[in-house]
Each structure stands twice: as C-alpha cells, then as structure tokens.
Amino acid sequence: MSGFTHFDAQGNAIMVDVTDKNITERCATASGCIRVSREVFDAVKDGTAKKGDVLGTARIAGIMAAKRTWELIPLCHPLMLTKVTIDFVMEEETCTIRCCCTAKLSGRTGVEMEALTGVNVALLTIYDMCKAMDRGMEMGEIHLEEKMGGKSGHFQRTEYFEKI
Amino acid sequence: MSGFTHFDAQGNAIMVDVTDKNITERCATASGCIRVSREVFDAVKDGTAKKGDVLGTARIAGIMAAKRTWELIPLCHPLMLTKVTIDFVMEEETCTIRCCCTAKLSGRTGVEMEALTGVNVALLTIYDMCKAMDRGMEMGEIHLEEKMGGKSGHFQRTEYFEKI
Amino acid sequence: MSGFTHFDAQGNAIMVDVTDKNITERCATASGCIRVSREVFDAVKDGTAKKGDVLGTARIAGIMAAKRTWELIPLCHPLMLTKVTIDFVMEEETCTIRCCCTAKLSGRTGVEMEALTGVNVALLTIYDMCKAMDRGMEMGEIHLEEKMGGKSGHFQRTEYFEKI
Amino acid sequence: MSGFTHFDAQGNAIMVDVTDKNITERCATASGCIRVSREVFDAVKDGTAKKGDVLGTARIAGIMAAKRTWELIPLCHPLMLTKVTIDFVMEEETCTIRCCCTAKLSGRTGVEMEALTGVNVALLTIYDMCKAMDRGMEMGEIHLEEKMGGKSGHFQRTEYFEKI
Amino acid sequence: MSGFTHFDAQGNAIMVDVTDKNITERCATASGCIRVSREVFDAVKDGTAKKGDVLGTARIAGIMAAKRTWELIPLCHPLMLTKVTIDFVMEEETCTIRCCCTAKLSGRTGVEMEALTGVNVALLTIYDMCKAMDRGMEMGEIHLEEKMGGKSGHFQRTEYFEKI
Amino acid sequence: MSGFTHFDAQGNAIMVDVTDKNITERCATASGCIRVSREVFDAVKDGTAKKGDVLGTARIAGIMAAKRTWELIPLCHPLMLTKVTIDFVMEEETCTIRCCCTAKLSGRTGVEMEALTGVNVALLTIYDMCKAMDRGMEMGEIHLEEKMGGKSGHFQRTEYFEKI
C-alpha cells in the first residue's frame, strides 16, 4: 500500500501504531472561508459588534468540535489538546468570512486534523445561523496553513507550493 | 434581529421553536470536493478498485457524522434521519474527488445541515487518510445543492443563481 | 417499589415504557443561580455588554447539554427537543447570576430533566470561565419552575408550595 | 480582559494554552445537595438498604459524566481522569441528600470542573428517579470543597472564607 | 447486491431509506451470557444480595448503551427508544450469568440492534468489574430471541430453528 | 469486598485510583466470532472480494468503538489508544466469521476492555448489515486472548487454561 499509512499490507484500515513515537510539542493551523451574500455579511458584522453574535457561537462550536475530532474521523488517535483558538476575519469586498483554527498538543501525533475540524465546524455553524437569509453560501479554501513538531517536521503552505 | 432566526429580540442565541411546524418529508443534498495531488488521486482510485478503500472509509465517516450533526452545531435540532447516502466522483483531469451527501427525514425541520456535515466529515476523512502523501490538499465548493419540503419550499442551487 | 417509576417490581432500574403514552406538546422551565464575588459579577456584566461574553458561552453550553440529557441521565428517554432557550438575570445586590431554561417537545415524555440539565451546565460553564478569579462561587436554588403537558398535568412551583 | 483566562485580548473565547504547564498530580473535591420531601427521603433510604438503588444509579451517572466534562463545558481541556469517587450522605433531619465527588489526575490542568460536573449529574439523576413522587425538589450548595496541585496551589473552602 | 439492504447497486454502504415505512410499535428481545469462574460467580451473587452491585452497574451500562446504538453501528438509524429493560439470571451449575435486554419503540425501524447492543455492553461491564479476579471469562450465545412489529413480522428464535 | 477492585469498602462503585501506576506500554488482544447462515457467509465473502464490503464497515465500527470504550463501560478510565487493529478470518466449514482486535497504549491502565469492545461492536455491525438475510446469527467465544504490560503481567489464554 505504497503511500498510505492508514492501511496494513492487506489494505485493511488500521489506526496506526504511534506507541513508540516521541512526545513532542505539536502545533497546527488550518484555515478556510465561507462566501455569503451582502445581506448576511452585514448582519454578521453588525451582530458581532452589537448583539446576535454569530461568530462567537461559531467559535465555541469549532473549539468543541476540535476536541472531538477523534470521534468523527475513524482512524484519528484520541488525544488531549492543550490549546485551541479560532479567529475570524471579515473580508468586506468579497463578502467572505475567513476562519483560522490553531490547535496544540504535547503528544505523539500531529493535530492538523483537529485544526481542520475546528475550521469546518465553525464554518458550518455560520452557515446554520445565516441559512434563513441565504441558502447559496459556499465554504471553500479549507486547508492546512502550518504544522510544527513531530517527525515530518515543519510544513508551511506558502513554502510548500513555492517548491512545487 | 432582522434576518436571523437563531437569535431572540435581545440578540441571545436560541434553538428556534419548531413545535408547531408540520411533520413533512424533507430532503437535502449537499456537495463539496477535495483537490489532491496526482499521487494521492491515483492511490485513492487504485485503492477503491482493489484494496485500501479510502472512499469506503470516508463514506462511513460521513454517514455517521450526519447522524450526529445536532451534537456539533449548537442550535441545530436533534432529529432522526431516515436516510443518508454519500457518493463520490473522481474527476481525473483536475485530481478532484467530489462528494455528494443526501439526507432525508420525516419531521419538523430541514436536513440541509446534516447533508453539509456529511460532506465535510467525508472530505476530512479523505484528507486524514492521504495526508502522509500530501499536506497541500484543499477542500472547497461545499454548498447546498437542493432542498425539498418544509415551509421554505424547494431550493435548487442552479435556479437560485440564475435568478440573482 | 411504591412511589418509584424507574424500578420494576424486583427493584431493578428500568427505562419506563412510554410507548403507549400520547404525543402531546410538553414544556418545562427550570431555574437556578450562581453566587459570585463582586469582582466576578462586575467582570461578567462588563463582558456581556462589551467583550468576553461569559453568558453567551454559557448559553450555548446549556442549550447543547439540554439536547444530550438522555446521554447523561441513565433512565431518561432519548427525545427530540423542538425548542430550548436559556436566559440570565444579573442580580446586582447579591452578586447572583440567575439562569432560566425552557425546553419544549411534541412527544411522549416530559422535558423537565432537559430544562434542569440546561440550567446546570450553563451554571457550570459560568463557574469554569470565572474560576481563575474566584473559587468560592456556589450554585444553588436549582429547581423546576413550571411544567406543562402530559398526564401529570400542570405543575407550577409557587402553587405547589402554597398547597403544602 | 482583566481577570478572565478564557478570553484573549480581543475578548474572544479560547481554550487556554496549557502545553507548557507541568504534569503534576491534581485532585479536587466538590459537593452539593438535593432537598427532597420526607416521602422521597424515606424511599431513597429504603431503596439503598434493600432494592431499587437510587444512589447506586446516581453514583454511576456522576462518574460517567465526570469523564465527559470536557464535552459539556466548552473551554475545558480534554483530560484523562485517573480516579473518580462519589459519596452520598443522607441528612435525616432536613431530608437532604448530600453528594461529594472527588476527581484525580496526573496532568496539566486542574480537575475541579470534573468534580463539580460529577456532583451536578449525580444530583440530577436523583431528581430524575424521584420526580414522580415530588417535583418540588431543589438542588443547592454546589461548590468546590478542596483543590490540590498545580500552580494555583491548595484551595480549601473553609479556609478561603475565613480569610475573606 | 442480492440479500444486502445496506448497500446500493454499486456496493456502496448506505443508511437505508425508511422515510415511507409505517410508524408501528416495534419490540425486540436479545440475550447472551458470560461464563465466569466460581470465585467470580459467588462474588457477583453475594454483591447483588448485599453490597458491591455488579449487575446493577451492568444494567445501567446496558440501558445507556442501547440508547446510543445508532452512534456505534454505522448504518443504524437514530431512534428514540420508548422502553429498555435488562434482566440477569444467575445459572449456578455452570457459573453462567445470562443477560436479557428488551427494547421498544413506536417508529419506522426495528430495535433488534438496540437490544443486542444492550446485552453486549452489559456483559462487557460484568467483565470489566470482575476481570481483576478472572481474565478467562467468555461471552457467548448472544442472539436475538424475539422481534415484533414492522414489515418483516414476528420472529421467534425457537420457531425459526424448528423450521430449518 | 474481597476480589473486587471496582468497589470501595462500603461496596460503592468507584473508578479505581491509578494516579500512581507506572506509565508502561500495554497491549491486549481479544477475539470473538459470529456464526451465520451459508447464504450470509457467501454474501460477505463475495462482498469483501468485490463490492459491498461488510467486513470493511465492521472494521471501522470496531476501531471507532474501541476508542470510546470509556464512555460505554461505567468504571473504565478514559485513555488514549496509540494503536487499534481489527482482523477477520472467514471459517468456511462452519460459516463462522472470527474477529480479532488488538489495542495498544502507553499509559497507566490496561486496554483489554478496549480490545473486547472493538470485537463486540465489529460483530454487532456484521449482524446489522446481514440481518435482512438471517436473524438467527449468533455471536460467541468472545474473550481475551493476550495481555501485556502493567503490574498484573503477561496473560495468555492458552497458558491460563492449561494451568487450571
């Protein structure tokens, strides 16, 4: 099964053995965005400043989901995140809300799936809270930004694509 | 709180009252994709045909996550899906794996969040299983395709954007 | 087992049979409070008005927990809440934050446990977010305020204690 | 955000970074009570001695909930409790059932939320099992008794209030 | 895919569409056993009569697990059980503890998986609580006893095997 | 409470204190089987080779359940598995599908309950996916095969029964 780590020699799915991996500090940042209508964009912006806090709710949902990543993704190892943060940027011109999630751990496996899951569920929550106004919203550009710690070393998206 | 249904008059988040809504058949289809490297694309395609079934695992993960949507999205109503299916299309030229999730219910609320959550978690699972080969993969174009049943009526993405 | 409904004739715990109960609209309201230091009280009040929204986070936590009541309380029936709201009142003189949760359902069993669980977890979340400032906070006066629907009829706390 | 640890400088909720905290033995004890009618009190007492074990069920529920605290409280870190015990005292004169939960951990964060959650869910379970007899029961006096380990040091409720 | 209902025509796993099935009363009973050493058998028997209630704990675990069957079994529909009971029989001569679980529902799908899951988790809990005394215990004879309601009609194990 | 470790001196259920136990590598293997009709056996065998992969789905379900063992078994400690694998053997002559689960951990408590839970849920999933063809299937011979690490030392089922 060249390339895959989540299958054994017979092609059966496995949860990879990380027992002997070193406990190191690991950190990952992922990001993604949701493109919304002008009406939704203004309502979210307005709500954040005053009342009806869409992004505050999405942040809580994303943090809670990041902690439960191993329940959702079949072959992810259970792990105990030591930090999760979620930030949003409102991009006025394109009516885009960008979400960024950073997860951290002192452990045996990386936390990129946790960062990505945090982004996905935060964006889904924005969708849920705004869908009465606009059903055409679209989520996209969801990817890993950076990853540190562990044997595979430092990954930075910008560098990665420069090299290719 | 003009526009928002998930806040009360004071801007406090609420789980909307749907007690008096009619029980009708509701159905929603969402889709999204993940763009991968040629190496990953070929490995997934190969695995699906023979052994090491990435898409089979992602399908199970997506179906299981769709059932738990209400645990993840704070203001979603708990509901009992009566059907979930997840399909994948391999788009050879662009190294894109497209995922489509349909959820169905006989109940008081729509199931678009369930369909979207199914897509998101299926794509995350593909990412997880292939990330040892490629950390530059990106998920995108995640949106609602169609929605039937309930007071808000029939929504079809193509029609929706023609009208705008 | 006179009085108990959650035990059979041999004293074994059971999840009571509600198959034949009527599907009616059921509603319950519970309340409770947390007494905090003046420092905490002012910080929460300040945060709610501006930034650092303790009560917004506690509200989300309470709503999400109410939906999962049947997972926590061993003999509770799983049910699909059709509405949950959580409100807070800041009682200035006594440095008390009062929490009120209303749950609603069209179903076969009452929702008082859901309303009570919503209150409990909302209060616990306030405790968690403020504990760095004050570890002497105390939760109390957690009880059912009102309950409607179902065979046992209308319960109102004030009337109940007048009768006794 | 003076005082709060669960918000960043902008007032956004975060799961605090504990990556660099020392792994030490941490222990916390919380308590609380439920005041019930004489009828309920006698039935519970009787059941514990013979059959229909309300407190045994509440103990199991409390232990199981303590383990899942981080799923319920949004900004709690996931952690692996190494011990949980729940004890009850029946206070005859006031028809009060007092519950005490101790949680222990060798880790980076304290376990007071786990002890408090154990108490809350144990009391809720007593309420659930006795509510057919009495809907006027009230939970209260839920607080931290003692806390050891970690940078914030030893907290003991009695001492704490003597100092104030 | 002759015979299978959980795959579509292409062999992909699906959660079967039950939207149009009738809501009827459905009931299922499953049983199974665990064979233990004489020492364990006597300790369990003694504990049940006096203190250290292994079976009481296993009963609670089985009931709680039955409610969560749809989270564990990938293609099971989420459903709201209206009754769960678990009973044990101590078979003295063979040091066997037999467990029987009955689940009930007014709904669109059968509840045999719920009854079987209740049995499995109750038996696992007995194993867990007694494993310090005996690691050779074995679970077996886990099967469906009876099933009523739904299109597939009445199934009774004894009759079924007489016919074959 | 001679023999039991999960009860205190008063017979109350407790989650045993493992705070001071050494962190060592621990590993456990459990197995079990399901006896099915010839029709089911052939369909499963056929599906595995071509399409409609029953065992692939059961494997994922078993791995995911092993991770959640501590949520299901009341007094199990939460722990972070570092490896889970599930294998199946098709025994042609007796129409038996045998399942074997290995779990691994670097921690303070053994992982035999995790291995056993993996087996149980994998077998339940096979039952679920084949039940439309045969409701007489039976699960059995579920036991611990081997266990390494921790104070109780090495356990091997074959040796264990030779000694008795």
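Note that the chains are named A, B, C, D, E and F in the order they appear, and that numbering of residues resets to 1 at the start of each chain.
Assume contacts are C-beta pairs under 8 Å (C-beta built on N, C-alpha and C of every residue); 3 or more make two chains touch, one makes a residue touch a chain.
Protein names from UniProt, one per chain: A, B, C, D, E, F = Cyclic pyranopterin monophosphate synthase.
None of these values were measured; they are calculated from a predicted model.
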| item | value |
| --- | --- |
| Chain labels contacting subunit A and also subunit D | C, F |
| Most widely separated chain from subunit D, with each centre as the mean of CA atoms | B |
| Reference subunit A; chain at largest CA-centroid distance | E |
| Centre-to-centre distance between subunit F and subunit B (centres being mean Cα positions), rounded to whole Å | 32 |
| Inter-chain centre distance, subunit E versus subunit F - centres from mean C-alpha coordinates, in Å | 16 |
| Touching two or more other chains - residues of subunit B | 12-13, 53, 56-57, 60-61, 64, 68, 74-75, 79-80 |
| Chain-level touch network, classified as line, ring, star, complete or other | other |
| Touching pairs among all chains present in the structure | A-B, A-C, A-D, A-F, B-C, B-E, B-F, C-D, C-E, D-E, D-F, E-F |
| Residue ranges of subunit D in contact with subunit C within the complex | 1-7, 10-13, 32, 39-40, 43, 47, 50-54, 57, 60-61, 64-65, 68, 72-76, 112-113, 116-117, 120-121, 124-125, 127-133, 135-144, 147, 152, 155, 157, 160-161, 164 |
| Contacting residues of subunit A [partner subunit C, same complex] | 53, 56-57, 60-61, 64 |
| Partner subunit C, residues of subunit B touching it in the complex | 8, 12-19, 70-71, 74-75, 77-80, 107-108 |
| Subunit A - residues contacting subunit D, complex | 25, 56, 59-60, 63-64, 67-68, 79-87, 104-106 |
